Structures are given as structure tokens and as C-alpha cells.
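Two complexes follow with chain A in common, the first pairing it with chain B and the second with chain C.
Showing the complex of A and B:
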């Protein structure tokens, strides 16, 4: 078969190189990318991945470096190298201060807040996602507006409220106030993070076919029973997403948790107060703060790894789920 | 097992009346089908019986007990849905036993009942399959098993066969009839498909725009429709309607007249009436003896033939050049069905007769039937 018989397009494809043009290395590289866009996409993917990995993981690496450097040699820490090796910081943080108690406080507050938020947001999400009634959109907007305020706007009234002595609380609470109790933390924090969860769950619950709820109600559940037996299990990715987002935010929350307690661990001071407690009046134990930070990340890291699969499908599949 | 009674049931949505003052009594053990075009309120009526919708007005009684305000779970009913509605996160056993487990039955009793129900719908050996691993027909059988396992007083079915393919639908139709015989439970069935309604039910309730048009056994609805709507809805292809007027000598219209004595038929000269005749009651002139009481002969032109195999539908025109429209049979058009071996060709001139015993007369204004068969 001679070249004349070939289809002109095929002939053009054969000629990868155009020898007449004298190209510089950049031009040649660009031409290669244009003729083979997959390479360009792959290159972009790796560039983006490396960028995100470095920006997210480098701080951890640096924390770790600082954490294993002995306190006296902190000035020796280089850009990439530790100033020495002394892993005892990871033990000192628990002996000098009850750092485990701070972590436990935050963990407990975050867990309780997550449970409350998921329960209330499930009921609200059901109402907004599945019922039709007058003024629904206005009400939903009102709920969402709460999350638009800066938390600081709520602080003064809440602080006054929680420092007010309530006679009913006196037998159970010290001094009859909510100040220095976990309630003073997770009540406002739950309220502030509730709208986001309501919104996530509303989207998921609205996509469960009506027939399934009707079937559950006929089989013997109430509306609420159908919600928790059928709608919630089928919306597991959405519930996991809302739950993990709430847990992480509350666990890392500092504003309310530091202001609603006096900073002592036995008064439910949170994990961040614990990290900052290694900052003395005359010296700052950066290595201990670094070690404490790494330890504090662990519970969240474990939670995310466990729930990862659900979260990913929750963030991506929500919109198209049947 | 129980009778069901609807008393002045009305359901109003903001600006639509879905069900309008409906009164209906369904006997114990009866198989009643709600049939009507989509959006006619038949599903809403069923939902009020199920308790998924609370009626705006009126009462629902199941077994003499007023259940109007009771939640669905306390009504002793079960339901099969159009979209089948198996719980996708549970296997077959969990789906079937869902209601029993909620009612805290003994494990032994649950196992026994699930086994029996699965036996009735032939689902043995599939207990640990997930719904997504099953075919449409199998899922439908699981849904039926879930409905029968609780021994409901009333069994509601909302278009249960609509999502199945044609072959399976016909098969399930006979299965449901056997099931009804076996269970002897009151069954209320909703469909828009009048073939399902005709074949399965003891009585059919024809519903249009939220109103009950007729409640009678299928053949009564077919042979003695109460009004124009039932006459047109029941039967496929639909009844021929000719709009005309009563004169002293009988029925007269633009293209067709039928002599009779108005007095004996209970009509008055000058009254606007619609004459109805089913396609199978129209005969070719040579076979006029097959008609019970043949009418006079009409001259027609064959327009189009639709051979169905066992019969041929023949579209006739009163004269050449009559305008035909795609969506309905207009004036001067008539549909007849003939034997497949009949000598009919398109564009032929043919003479036909109609069977006077099978002529229906309806008042054009009230749409109510006046007489079935000329006396």
C-alpha cells in the first residue's frame, strides 16, 4: 500500500515530528503535552497532590521534630532537622500536667455534642427534608442564620447566663451555675454547629424514597421510628459526614471551651487549654507543646480513618443517591 | 379479615380536591379494585385507608372500628407498593420479619411465620439475599410475603405490578388471584390498568376526579356502565360514542340515525343523548345474523385496519373525506372488530349493522346512562 492510498488524517498522525520547525526545549515539551493531554493531566495531578501533602504534612513533621528535641536544645532545631533526640517529652506531658484529663475532657464534650447534634439534626433534617408545610423555607433560613453569626456575638449573654445561679441546679452543680461544667461548653457549641448538620442531613433524608417510609409506618413504626430504623441507616454516609465534621470542630473548639471554664482540668478545661498550659510565665516549653499537639491529634485521626469510607461517599455521593 | 367502610371521605390539598365525598363499603374477604386514570384520587383514597393520609373530612372504618385518626401501624393493614419499597439495607428475612420483630413476637413464631409466608410466594432458600441481588419479580414476591406475614385484616396493593415487565405482570396477576383464594383476606387493589381490574376483582370501583363513578362486578361495569366515563374507561378498545338528539322517530345525528319509539326507551324528543356501542357489537352486513337484534344497514368506508391476530379492528368513516384527529374518535367515525378472516380491505365501501340489544344511551348533559339495550 503506497502512501497515496492512505486517508489524509492517518498520514498526518504518522508524522509526529515536524522536522522543519526548530523548537526550544520548552516548546518541544509543550507540543508533547498538547499531542498527549493525558500526560499533562497526570503531571497536574501529581503536582497538586505533592502540594497538598507538603502543606498538610510538613507542619506535623515539624511538630514531631520539635517534640523530640530536648528542651535545652530548642534553638538548635533546623529547618528540616531536629536539635537533638529525647522522646521523653511524650511522657513528660502526662506527668507534669494531667494532659490526659484535658484530652478526655475535649473527647467527652465532643462525643456528647456529636450525639446531641446528630439526634436533634436528624429530627430537624427529617422535618425540613421530608415534610411540606407553610413557611418551611423561612424557618430553614432562620436556622441557618444562627451559624452566620460570629461565635463571639453569643459569648457575653451566654457567659452571663451560665454564671447566673439557678436554684434548681444547686444540689447537682457546684454553686448552682453552669460555669466550670461541661454543660457550659457543649450546649452553646452544639447549638452553633447544629445548622450545618441539619443542612447536610436534610439533603440526605430528602432523597430517601417516600415509599420506604410509608412501608415502615405500615409495618409498625411511628414516623420517628421510621426515621431511625430506615431513613437514618440508609443515609449512613450523610450521618457519618455530619457526625465527623461536628466531632472535629467541637474537639478543636477553643473559644467557648476556654472562656466557660477557669482553665483547670478538673473543671472541664479542654485539650487546647492543656497544650497552652505548658506555656509558663518565664519560659515556653515548645517541645512539650509540640508533643501534646501530636497526642491530641490522635483521637481525631483514628476517628477519621475509621469513618473515612463513609465520609468520602457522603461528600461525593449525596447529590445523586437514589 | 374485616370489612372496610369509607364514609363521606374527602381529602383536600391546598387548592385541589383529591377525594370528593366518597362513600364505599367493602365486604369481608372481597377483592375490590380502584381503577381510574392517573391523578383521579384512587391512590389518595387508598392512602386514607392505610392511614398514610388523614382525610380532611369523613370517616374510615375497618371492621366496624373507626380508624380515621389511628396511625397506620394500629390499623391491622399491610400494603404492597408500586415501587416495591423493600428496605435496601436488610436481607429478605429481615424485610419479611420487620413488622413481626417490631411487635416483639417470639423468635420461634417469627421463624415459623416467615417460613410460611415465603412458602406461599415461593421464596424458599433466598432468606439471606439482599434486595439489590434479586430480580424485579423476586422483589415483588418478597414485598408480598412481607405484607401477608402479619395476617393483616386488610391487604392494600398500590399498583404492585406496574413496574414489572408485561410477561411477568400477567403471571403475577394469576398468582395474586390464587393468593386471594388462599388467604381469603379483604384485598383493595389500585391500578390504572383496566385489564388488571377486570381480570382479578370481585368488584371494581371506577374513580374519576376524586368521585366514585360506579362500584360493581367487572362485567356489570362493562355491560351496564352507569355513565359515559365508565363506558369509555372500561373496555379496550373503548366504546364508540355518537352524539345526537332524540326525535319523534328515534335517534338522529349528523351521520347516523337509529329508529325507535322514544317513549319505550324513557327519552323525550328534543333530548340531547349520546349513543354508545362497543366495537364488538358492530357487524358487517353479511354477518348480520350474529347480532341479537340487527339494526338498519349503514354505509361506511373502511379507513384503517389493525389486525391483532385473533381479531381485526376496523376504523370506519361515514363518508370519504371526514377529518380524523389523532387523539380521539370524532363524529362520523366508528370502530368495529371483526373476525380475522373477514373480507375487509382499506378504502372499501362496506355496509354494517349494529346490535340494537347492545346499544347504550346516555344523557349528554348529565352523562348518566338512560338505557342499556333498546327495548
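Showing the complex of A and C:
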């Protein structure tokens, strides 16, 4: 093939001149590719696309196969086929454990954390993106530095703090501690995922022309009003990106979610505890874990399907470009 | 456009009244006022705990008392950790010098030392994720029919909760249920019980992480690809550049800064790996640095040692970030 490679035109000519030459299908294909490189690139492109689709989607397909296999036949699950057919797992997960409660807990925690992060990061992003003041770079660096630290570095004191009994909280919380409450999860994760949103929003806000803000101020809007009525709406793609990324990250979070509650649904244990709870005392119900996983992934999957174009365009216009 | 929205301002004015005082203060003061919420959140949840952790890490362990911290110990915990003498089931770093080649001696096996396991994991995973993510981003950046759905399919692993990702790969490599162990044993890569062997577990965690986070890399690199001016390609086509040349001289140089930023984020994340390990192979098999913190904390109540490990982790990450920032500065200078 290397000789053909160098002289694609010659190879094509030879083919015309010697019609009797017997070429195998592979050689004929290769010759066609060489005489028309665009075709070769397109073939490579389709091969790559199919390869990526198969590798990303196969684990989901296989998880579904496990989920519809009856509990006793689990060892029969093949690479492509289920070990039997029993879709009742998708109902059992809600009857044996209140799995919907776990998912609701996660959903609520992620929503509250997203709202907090968007509000706080909007203010901070506005300050860093649009205002000029002393100590700006130092403060920005301080924010960046917090994202170097592993969650574990915050965990030891926070664990003590949240397990400390606070008399003020006693009427509201059971036992007067924050352990086993949603606060123990969404407060730390909000703080830890705050820097990323600050950076995304900062870039977006700084791109809005000063004239628009000035015009709003001349028309009598307050300073804060100009922020929330002019700057934030104009940066809607950036706010959406930051919001979607925060929601997904918090919903998927493992570290604090697994350590800040005792795992009981009424104590605000998030979805991950629900999935792990099917590892029962006597046997592990893998088919139930698989079914629960499929149910739990639906909210974020839908979010990605709806918002993927926003995320990509948001990242394009914003943070990554710098 | 959206300046119209202020027509409904009258209703909002009452709410705004307490904020009116802000109108008269200087920009400097206004900036500080708006930063108060962020300062409270980060102060309580990030800065205060960090200083606290730093202080804890300088104390001694007191395993048997109700308060797990003992006397002030200086840098004793750090010294123990770096010398491989910490009272933990796995070591942070345990390397000695020896007289013969290769002059370095492992006190504990390579994959049982938190620093090496984590570094090896971060380097290998980020390398593969960058390559695969680039390929994926390149595919979903093209125009073709059904692109929207291919995009969703390729991005979706990124949105998968860690516990579910871990579940899938745990089951795949589970000897009784999954098929992957049979496959790996057939080609001679795995031993008898992969989830009980450091090497095989490391491989499982690696594959699971690459599968999921390639999608994240693809997302960030795609954002970089989309910011490439399309007319550059038209120029290239007119001058007869092949697709490979277009990639080499247009796409790659423009995407490089975004690529490095994406790699930086991924490296920082990979160095903090915990959930995936905890839910698949377990921290005994693959003791990542964060794993070691939790082992010290929950396994043996060595809170001070745990704090020291957490701080060492942050220092290692900080050093890596500095390396990247130097690279980033270099690349920007080169491109411009």
C-alpha cells in the first residue's frame, strides 16, 4: 500500500489501463480511499463516532440488563443479555425502601445549593468582573486557593462543628446539631463549588458593555437593581451554565453526601445512601441497586438532554476562553 | 432589550429601599458590601476549617481520650507521614535509600503508598482522558445529522453520579455477575479476585474514571473548539490544506489554552479521588490521599494525623497547579 500511498494518481491510472488485474475487495477499497482522501477521513470520522457511542452507552445498556434480571439469576447475566426478565425491580426499589425519598432529598439539596451558589456568586462575580477596588487580585487569589484543597481538608473541623450541640438550634433541629440535616450537606458543598461559579459569572459579567449599566442607572435604577435587572439577564447563558453545572455537581457529590448523615432517609440521607442501602444485611440485591441507579440518574440525564447546548455555548463564551 | 424590564421597577422599589443607602457609598465600599455573602460562606466553611485543620495537624493523636487531640506535636505528624512511620494501615510515602540500583527502596508496595497511587492515577487518567476527550470533542464539533443526540450520548457520563458510576464498574468486574473479570483473566491481565488485589483494583478505578471523565474533558475541549473562527478553515481549504494540516496548524494551537485549563481542573480533581475508590475497590486496595484521611479518621480515630494528610494533599495539589500555571504561561506566550 505504501507505493500507492505516494502516487495515488498513478495507482488510479494503472487500474484503468489494466482492467484484468485482479484486485481483492480490500485493495479495491484502499485504492478508492487513496484516490479520494476526503472519503477516507469521513470513514475515519464515522468509525470514531460509532466507537465513542458504543463505549459511552454500553455501560448504561448493561446496567439495564442487570436491573431487569431477577435476583436469583444474577450470575446468568451476560455481556449483552439479561439473565432473565423481571421488570418488577423498578417497583420493588420503592416498596422495600422509600427510594423516592432519597432521590427527593438529593434533589432538594442540589436545588437549594444551586440557588445559594448562584446568588452569592452573582454578587461576587459582579464585584470581581466589573468593579475596581483595592485588594481585588488578592481576594480573587484567595478564592482560587480554596479550590486547591481537597474536601477532606475541610472535613475534620466541619465534622466537629456539625456534631457540636448548639443550644440555639435545639428547638428547630433534633439533638441541636446539624448532623443528619440537609444543612450539613448543602452548606459545605455550596461553599466548595462557589469558586467555579464565581469564575464563570465573572467572565460573563465583565463582557457586558458599561453603557448598558450606565443607561439603567441614569433611568433611575439602583445599583443593585442594575445588577439584577440588566447585568444578570444579559448574562443568562452564563448564569444557566453555572446553575446547571452546580446542580449536576452537587447532585453527584459523594464526599459530604456519604459522611454527613447516618444514611436514614428521614435524616435527609441523599440518593447515594439509598443505592448503597440495597446492600442488605444478608444478601446484596445487585439488581435492585442497578434499578435504583437507573431511576436516580434520570433527573440529571434529562437536565443534560435539555441543557447541553446551553452548557456548551456558555462555556464557549465564558470561562474556558481565557 | 432587557432594559425594558425596569418598567416594573415600582413594585420592587419597596424591597430596594434598605439598599438605597448603597447608592451614595464609594465603589470600594460597595464592592466590599457585595462580597459579604461570599465572605461569610467561604469564611465559615473554607477558611475557618482550613486554619483549624492546620492547627489540628500540629497536635498529637490521642486515640483513647474523648477528645482525640493530644499535646502540641509540631511537625511530628508530617515527619511520620513522610518517613512512612505513621500508625496507619497504609502509608502516605514510604521510600528509603539503598546502596544498590535503583537506589530507592519501597518500604511498602508502590500501590499501597498514598502519594504514588494518587499521582499514578492522576497522571494516567488525565493523559487518557485528554486524548479520548479530544477525540470525542472533535467528533461532536462536526456538522452532521443527529449531532444533537450524539452530543448528548457522549456528554452524559459526565452527569452520572459517582456512586452510580462506581456501581456499574463494581458490578462489571464482580466475579459472579460481571463479564469483565472473565475477559481480563482470559487475556491474562487479572488475577483470581480483582477486587481484592491492589493492582487489579487500581486498573478498575482507572477504567471507571476514564470512562466518565473523558466526557467532561470533551465538554471543555468542545467549548474551546467552538471558539475557533470557522473562516480559518475556509482559507485553509482554499490553500489546499489536508484535514490533518488543518488540525495541526489551526485547531490545535487555538484549543491549547482551553485544553491546559481543562487538564488543570481534571488533575486537581483526580488528585482528590475518593468516592469512586470507596464505592468500588475500597480504600484498603487503592489508598488514595483522601482515602487515607478517612481511614485515619474513622478507622483509628487519628484525627491529627488525618489533618496532616489532608494538608499534605493540598500542598501536593498546590505544587502541581504551579507546574501547570508555568506551562500555561509558556503556551500562551508561544501561541501569541
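The criterion applied here is as follows: the second predicted complex is superposed on the first by the 270 of 322 C-alpha atoms of A that agree within 3 Å, B and C clash if a C-alpha of one lies under 4 Å from a C-alpha of the other, contacts with A are read in each partner's own complex, and residues count from 1 in each chain.
As a working rule, a contact is a pair of C-beta atoms (placed from the backbone, for glycine too) under 8 Å apart; a residue touches a chain by one contact, two chains touch by 3 or more.
Here the structure is a predicted model, which means the values were calculated and not measured.
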First, second, both or neither for A:108, with chain B first and chain C second: neither
A:230 touches, of chain B and chain C: first, second, both or neither? both
Partner chain in contact with A:48 - chain B first, chain C second, else both or neither: second
First (chain B), second (chain C), both or neither touched by A:222: both
Dominant contact partner of chain A by residue count, chain C or chain B: C
First (chain B), second (chain C), both or neither touched by A:211: first
Chain B versus chain C as contact partner of A:57, first or second or both or neither: second
Partner chain in contact with A:78 - chain B first, chain C second, else both or neither: second
Chain C-contacting residues of chain A that also contact chain B: 212, 215-216, 219-222, 225, 230, 233-234
Chain C-touching residues of chain A, taken from the complex the two chains share: 37, 41, 45, 48-49, 52-53, 55-57, 59-60, 62-63, 66, 74-75, 77-79, 116, 119-121, 123-124, 126-127, 131-134, 136, 139, 142-143, 146-159, 161, 187-188, 190-192, 194, 198, 212, 215-216, 219-225, 229-230, 233-234, 248, 251-255, 258-259, 271-272, 275-276, 286, 289-290, 293, 296-297, 300-301, 303-305, 308-309, 311-313, 315-316, 319-322
Touch list for chain A against partner chain B, complex: 209, 211-212, 214-222, 225, 230, 233-234
Chain C residues touching chain A - in the complex, by the definition given at the top: 1-3, 5-6, 9, 12, 16, 19-20, 22-23, 27-28, 30-32, 34-35, 37-38, 41-42, 44-50, 52-53, 56, 135-136, 138-139, 142, 148, 150-164, 167-169, 171-172, 174, 176-179, 211, 215, 219-220, 222-224, 226-227, 242-243, 257-258, 261-262, 268, 271-272, 274-276, 278-279, 289-290, 293-294, 297, 303, 306-307, 309-311, 313-314, 317-318, 321
Residues of chain B defined as touching chain A within the complex: 50-52, 71-73, 77-79, 81-89, 98-99, 102-103, 146, 150
